[in-house]
Amino acid sequence: MELQAEPFLLHDVVRRQSKDGRPFLLATLRDRTGQISGVFWDVPLTVDVWARPGLAVLVTGRVNLYKDSIQVSINDMTRANKVDVAVFLPASRRPREKMLAELRDHIAALAEPWQTLAGYLLLEGELAERFAAAPAARSMHHAYVGGLLEHTLSMASLARHLARHYPHVNADLLVSGSLFHDMGKAYEYALEEGFAHSEDGRLVGHIVRGIVLIEKAAAELDFPAVDLQQLIHLIASHHGTHEWGAPVVPKTLEAVLLHQIDLLDSRIGGFMDHVGNDGGGADWTTKRSEMFGTELRRPEGFSNIGAAE
Amino acid sequence: MELQAEPFLLHDVVRRQSKDGRPFLLATLRDRTGQISGVFWDVPLTVDVWARPGLAVLVTGRVNLYKDSIQVSINDMTRANKVDVAVFLPASRRPREKMLAELRDHIAALAEPWQTLAGYLLLEGELAERFAAAPAARSMHHAYVGGLLEHTLSMASLARHLARHYPHVNADLLVSGSLFHDMGKAYEYALEEGFAHSEDGRLVGHIVRGIVLIEKAAAELDFPAVDLQQLIHLIASHHGTHEWGAPVVPKTLEAVLLHQIDLLDSRIGGFMDHVGNDGGGADWTTKRSEMFGTELRRPEGFSNIGAAE
Amino acid sequence: MELQAEPFLLHDVVRRQSKDGRPFLLATLRDRTGQISGVFWDVPLTVDVWARPGLAVLVTGRVNLYKDSIQVSINDMTRANKVDVAVFLPASRRPREKMLAELRDHIAALAEPWQTLAGYLLLEGELAERFAAAPAARSMHHAYVGGLLEHTLSMASLARHLARHYPHVNADLLVSGSLFHDMGKAYEYALEEGFAHSEDGRLVGHIVRGIVLIEKAAAELDFPAVDLQQLIHLIASHHGTHEWGAPVVPKTLEAVLLHQIDLLDSRIGGFMDHVGNDGGGADWTTKRSEMFGTELRRPEGFSNIGAAE
Amino acid sequence: MELQAEPFLLHDVVRRQSKDGRPFLLATLRDRTGQISGVFWDVPLTVDVWARPGLAVLVTGRVNLYKDSIQVSINDMTRANKVDVAVFLPASRRPREKMLAELRDHIAALAEPWQTLAGYLLLEGELAERFAAAPAARSMHHAYVGGLLEHTLSMASLARHLARHYPHVNADLLVSGSLFHDMGKAYEYALEEGFAHSEDGRLVGHIVRGIVLIEKAAAELDFPAVDLQQLIHLIASHHGTHEWGAPVVPKTLEAVLLHQIDLLDSRIGGFMDHVGNDGGGADWTTKRSEMFGTELRRPEGFSNIGAAE
Amino acid sequence: MELQAEPFLLHDVVRRQSKDGRPFLLATLRDRTGQISGVFWDVPLTVDVWARPGLAVLVTGRVNLYKDSIQVSINDMTRANKVDVAVFLPASRRPREKMLAELRDHIAALAEPWQTLAGYLLLEGELAERFAAAPAARSMHHAYVGGLLEHTLSMASLARHLARHYPHVNADLLVSGSLFHDMGKAYEYALEEGFAHSEDGRLVGHIVRGIVLIEKAAAELDFPAVDLQQLIHLIASHHGTHEWGAPVVPKTLEAVLLHQIDLLDSRIGGFMDHVGNDGGGADWTTKRSEMFGTELRRPEGFSNIGAAE
Amino acid sequence: MELQAEPFLLHDVVRRQSKDGRPFLLATLRDRTGQISGVFWDVPLTVDVWARPGLAVLVTGRVNLYKDSIQVSINDMTRANKVDVAVFLPASRRPREKMLAELRDHIAALAEPWQTLAGYLLLEGELAERFAAAPAARSMHHAYVGGLLEHTLSMASLARHLARHYPHVNADLLVSGSLFHDMGKAYEYALEEGFAHSEDGRLVGHIVRGIVLIEKAAAELDFPAVDLQQLIHLIASHHGTHEWGAPVVPKTLEAVLLHQIDLLDSRIGGFMDHVGNDGGGADWTTKRSEMFGTELRRPEGFSNIGAAE
């Protein structure tokens, strides 16, 4: 198969030298369907100068297929300017518009003052834009464009159900907490750099960033102080324990529920990601899942679309 | 307030001696509304001989009330023979008949061969009898008569919902796992001894006991081997990690879900038990919850019924 | 020794009843020199109604001294209104004015824009007021009025020294981090309630609260974004590891240094508090230090001032 | 050295492609003396189709020797049908017949009802067959054909000695526990697949499987209930702690002893396996032992038989 | 029962005051058969001045017996000078002379140079004297006079057996390691103070102290350097892991064996101590063992001698 | 670039064989400026026989440079006898003479008897010689010739400062502890073997070795027993916790300080080593630091000297 100026995202770039001294460049190329390795022999100095992870490129070359390894022999590579890098990234299978409609429904179902706050933060402006595109994680679960939104919607739906299942739950607080809990991740990854951690993600982290964003919006909207304190508690404690990075542990019914819903949904997400990414059609994955510490058994009837030859 | 041959369960019994040499007996007395301390001065030898934890007794005496301490001054105590001890134990607030009807509904909704297996084990015979009365735990969550059934039904309902919420889930397997996961607890507590751990609970434990019961029933019913193996995996792994006592960790989608549902429901049960048992009407509990490692905030509008004087 | 309407802070209050039915009240009374137990027999209903931890009271009664136990026999107790409760609390041995002068010196030595930010937050307004009075902890180290300021100044001084000892350190960033690192504790304790945790301390915690305060001030002062991000990183990571409650771990030279200085100063503070509070003049403390997990040896020549009479 | 249709077990198979596009197959080949790597260049499609781990094969090719690496250049490979795969696997150095005789002696020395139970399970039938061939572990200790039996016999001998060394020990219970403790491993590994974990090993695990086997045999033999409960406790608790996968912790003298004997014998087994497998004749192993977290010192005079060139 | 100037060791002393102001002294009195509580009302100042833990005293008073509590009403208490405090301490049930004979046998069975070293350290001088009397621990296992020797001999006997059971073991090294491994405990407890930790035990610890003693003896005896290094490794690593206080982990076959033997023998010792000390004749101990984290089941036929009334 | 009999230290040596059967030798070569890889094709048997890690060699060959990989094509390699291997090892940037002068100053500032002890051990003889050249660690921090001395001096300087900063500190004890704390490392590494662990380092370890050296010197100098015990405590406890290999935990003010200073200085040393060794000029290191569990941010203005091409 020949590639003609095909767009990819450079995810990893390593320079190497063969035993006989020929320089070459090993690259990991990503587009939304997955990633492949590429090798660029006798890479010209003009390319060598600018090639680094996170750039969008146009690749010309040939795809060599062999049973369990696919590789691109790169003949030429140029920078692809002014491209929406989201084009190159793996993406949620759920259509973005459908997810945004569902988000609007969840917000519309909130009582005030929760509805205004959620609309202000999640439906308009730069934050809302980034929120709709961010992944939920780099590698553990929902690690694809729109993954944050997909994870958020699944949680909001579960939150609604559990607020009915258990008595004494403040449903508006719990659903709002679900919608906001990972909102700071909109700034945790440098989307333009292929899911690399951003400076803010490394130094501040999504928990603190999310809280600062909510505090600022609350000040502008005159959001009630008592409700705000409860909401901040949910964001601050949603990782559940100090060991998992929560600066405070859950102390209210809604905070305990939010942590449990987050744990449940990210574990199921991580399970499906692992059995989906692990190649082959056998009953068991060949690799151990880092999240579960074991190989996993594929669900009955589950098939790895795209893993065919 | 005077007590006239009032039935109680002796939960703890300690013999002491006052500074001036008078022997007395300190007892914790339980009935279904809770427990109080009792003191029996100059306890006659005829009583001293048989008094030990786990016996049903009839107490005559006087209740002294004071703000945060209630105590029975015992004048007489006799053994209460042939009493259903469940009478003395704290009980689920949900009516037993209603819960059993719900259990039958859950079983009726299962496809075969799951339905037959669940009916065989949980709807008839000694096991079913004990299952309907057992607590879910000694002290952590759902620690009352019928608590095991209440916890099981809440989980089965969540299991049904999650089997719709997530794709690829084998609903019959997951709901069956919910119904059976703690079934071995029917033999873990010596109900006739006030929730003490039974010999079987100490030496074998509810996970292994439950599996042995299922294996035996499956052999009698010719339950399919592949389904049985999947089901045993759910029971064996439902504690989630070795640290929490699981001999194997969850490796299938349903096993991961079952562990998460169990964690969720027992955490919420433990939260409500703690805020319910911790006296006073303040916003925060005065004692730390062992389960959460912190004091807990009572839900808005939650009141401790029975904590008034 | 007789007490005549002596001011104390009620730290703990428990209601009890004697074996013969007389109600009494056990109280822990605090003033700045320490704490003693008090017993109030046949407490009148008028007192019983309002007595609870955190109130300032005037106590009339008699002090019974015995070798290793001092107790107040309370005859009367009335509420002490409009008293500065700081009067009753244990206080730093360093004079407040001297400490405030030292704080001003540290701030004056900072370059801009750090100097303006520190002055804005720590030298004027309600926050500065609370900052100067707060303890550094409830029980582990520097647990007294002014303890937060004392701990902060010790750290700022060490920060200055280490910025000279090691190359490549941004001294202004490190010293500012020292001054701000525990600033959120100004709202973590309900000082008017005898060091109880405040609602904000329980639900939000001092790390997040401090960051929100800095972000707000930075927005008002147009503080440079890059410096702000570095500073927030220091506050967010100063506990050093997730296990100790840090939402992010230290990743810059100054963040690593700040954590080490905090650890060093709080360990030495905790050592001195423990050997100071543990009664008796023996070489070793009789109680294990919770912080160190062992009994501690008193420094040569160290004497427990106040433990005599 | 030439190989002519030499039998091996395919332990690992990976397909690769050279830089110039020639497909090849990398295989790990095992027989009872150890394992070597093989490379099969230009592997014909007819072989490529069926080659996978766990199959017995006949290999024709040439062995290339070089100081610290031996490799087979494979010219031809065909499936070896109807071969006892135990032929290909590393095996205990102790002769099988001698070990079986020793097992019979241990069982003969048991009093009733223990003797009948042990004979029923371990001396006849499919279980006994598998028991005699299974390894004790995949990689940690006694990881070879017959390793389970070798480990079991060593433990039974130690159990006999310790039952004399310490008072109050029920020797029949302890020796029976030694014989049965890892019996479930007879089904944990797919022997026909080169020690891969079997479906039962992954989903149920050897502890639970062993207990189910004993319960079934006990029901058939009318084994006394009290002795059975004690024995089940030994099997269920022999890993010693929850962290190590025990569903209950040891609570009887014999259970504590059994765990200690198991720990002792598997540590010594793991030590000898590591110093035996780690090549070279130096005083210290070059690799860290995973079990001990360190390099190990070879015993004085210990030589790696088979490591010669 | 009346006591007339009966010798005891003061193990704990606390001063208290009754509600009506009468001072009294609560003491724990020990002799070799166990310990009882004592109360000394209206303790005269002449006694109050010197009474502190670790002193030998002569007690006159009356023993009050009641079902599960024995107490001495003390009328008079004087210091018992020049008494061998070993008289008051709980002691091993094995006769000292028999144990010393066994120690001499173990040493006589060692080859040179081990025999000379062991004889030099353990059979003569102050160290040998202390070694024969020390306990093996303060509270966990073998916590009685001669307990160290009893534990040492049990280990030496096991070491001999295991050196035959496993190949490649240097028996002289292993048995010597058993004899020396806890020798430093001869200085870890202040025997004259009722098993309190000595200054050396607190600051240096028995591992380091034992090594220093061996190094000194080795220098005096010209003990071969290579053997010495191996022996020091056994002492330094016998706790098995850093977590348990070993400065280095076991890296030789004999070091691994020594740790396992130590673990085995102290676990069994701790088991028997716990079931022996826990009162009552029930099947299960009423208290959890700190060592095992659970209640323990008494061995069949085990009786608590001395627990009768 | 051509190399003509250039001296290097062989750090690692691996024998390999190419696909076409040509033997070659992969070597890691070290000199004081860093390390490079070398490949020796068709290595002659005369070289193959003696080549092993830790030898000094003279290498003739050609350096191939490519952007992020440098490799020596070795043509000839001979043993370099009678060379001071310190020549080949990375070295502290601080001049040795300057560091030794500083050491003498620190010792001169000590009061007696500390001054004599420190001079005796650290200024003369074989130990002093090794002490001045040893690294502080193999890979974590100060991992270069003279690193131990550099780390020791930094700590002694901090100890002096902190003894003034905090009251009640015995400055002579603390500074002496700083000077001696890692002294045993003089024997922990086989300097002549390129920082490999020595037999003594593996079996005894630097903590125990250091203590034995001090005890021996103290005996020769009649050093006071009480001071010695305090000093031994500092050495034995300086790792701070059992988990980190301390046989006893810090219990005195000076021991707590010494551990904190050691932690502080090794963390900063480890930070600078990691950002210095991690290639490239980006803001963040590309590799995670094992010590900090995260990528680290380079200090502003910090440049990796020698990382240029």
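Order of writing sets the labels: A, B, C, D, E and F. Residues in every chain begin at 1.
Simple rule for what comes next: a residue touches a chain if its C-beta (ideal position, glycine included) is under 8 Å from a C-beta of that chain, and two chains touch if they have at least 3 such contacts.
As the structure is a prediction and not an experimental result, all values here were calculated from the model.
Q: Smallest number of touch links from chain B to reach chain D?
A: The fewest steps needed to get from chain B to chain D is 1.
Q: Going by average Cα coordinates, which chain is farthest removed from chain C?
A: The most distant chain relative to chain C turns out to be D.
Q: What's the chain with its C-alpha centre farthest out from chain E?
A: The chain lying farthest from chain E is A.
Q: Averaging over Cα atoms per chain, report the distance between chain B and chain F in Å.
A: 59
Q: Roughly how far is chain A from chain C, going centre to centre by Cα mean, in whole Å?
A: Computed value for the inter-centroid distance: 42 Å.
Q: For chain B, what residues touch not just one other chain but two or more?
A: Those would be 199, 202-203, 251-252, 295, 297.
Q: Going by the contact rule at the top, pick out the chain C residues touching chain A in the complex.
A: Within the complex, chain C contacts chain A at residues 199-200, 202-205, 207-208, 211-212, 215-216, 219, 229-230, 232-233, 236, 242-248, 251-252.
Q: Would you pull the chain F residues touching chain C in the complex into a rising list?
A: 154, 157-158, 161, 165-166, 168-170, 249-253, 256-257, 260-261, 263-264, 267-268, 271-272, 292-297, 299-302
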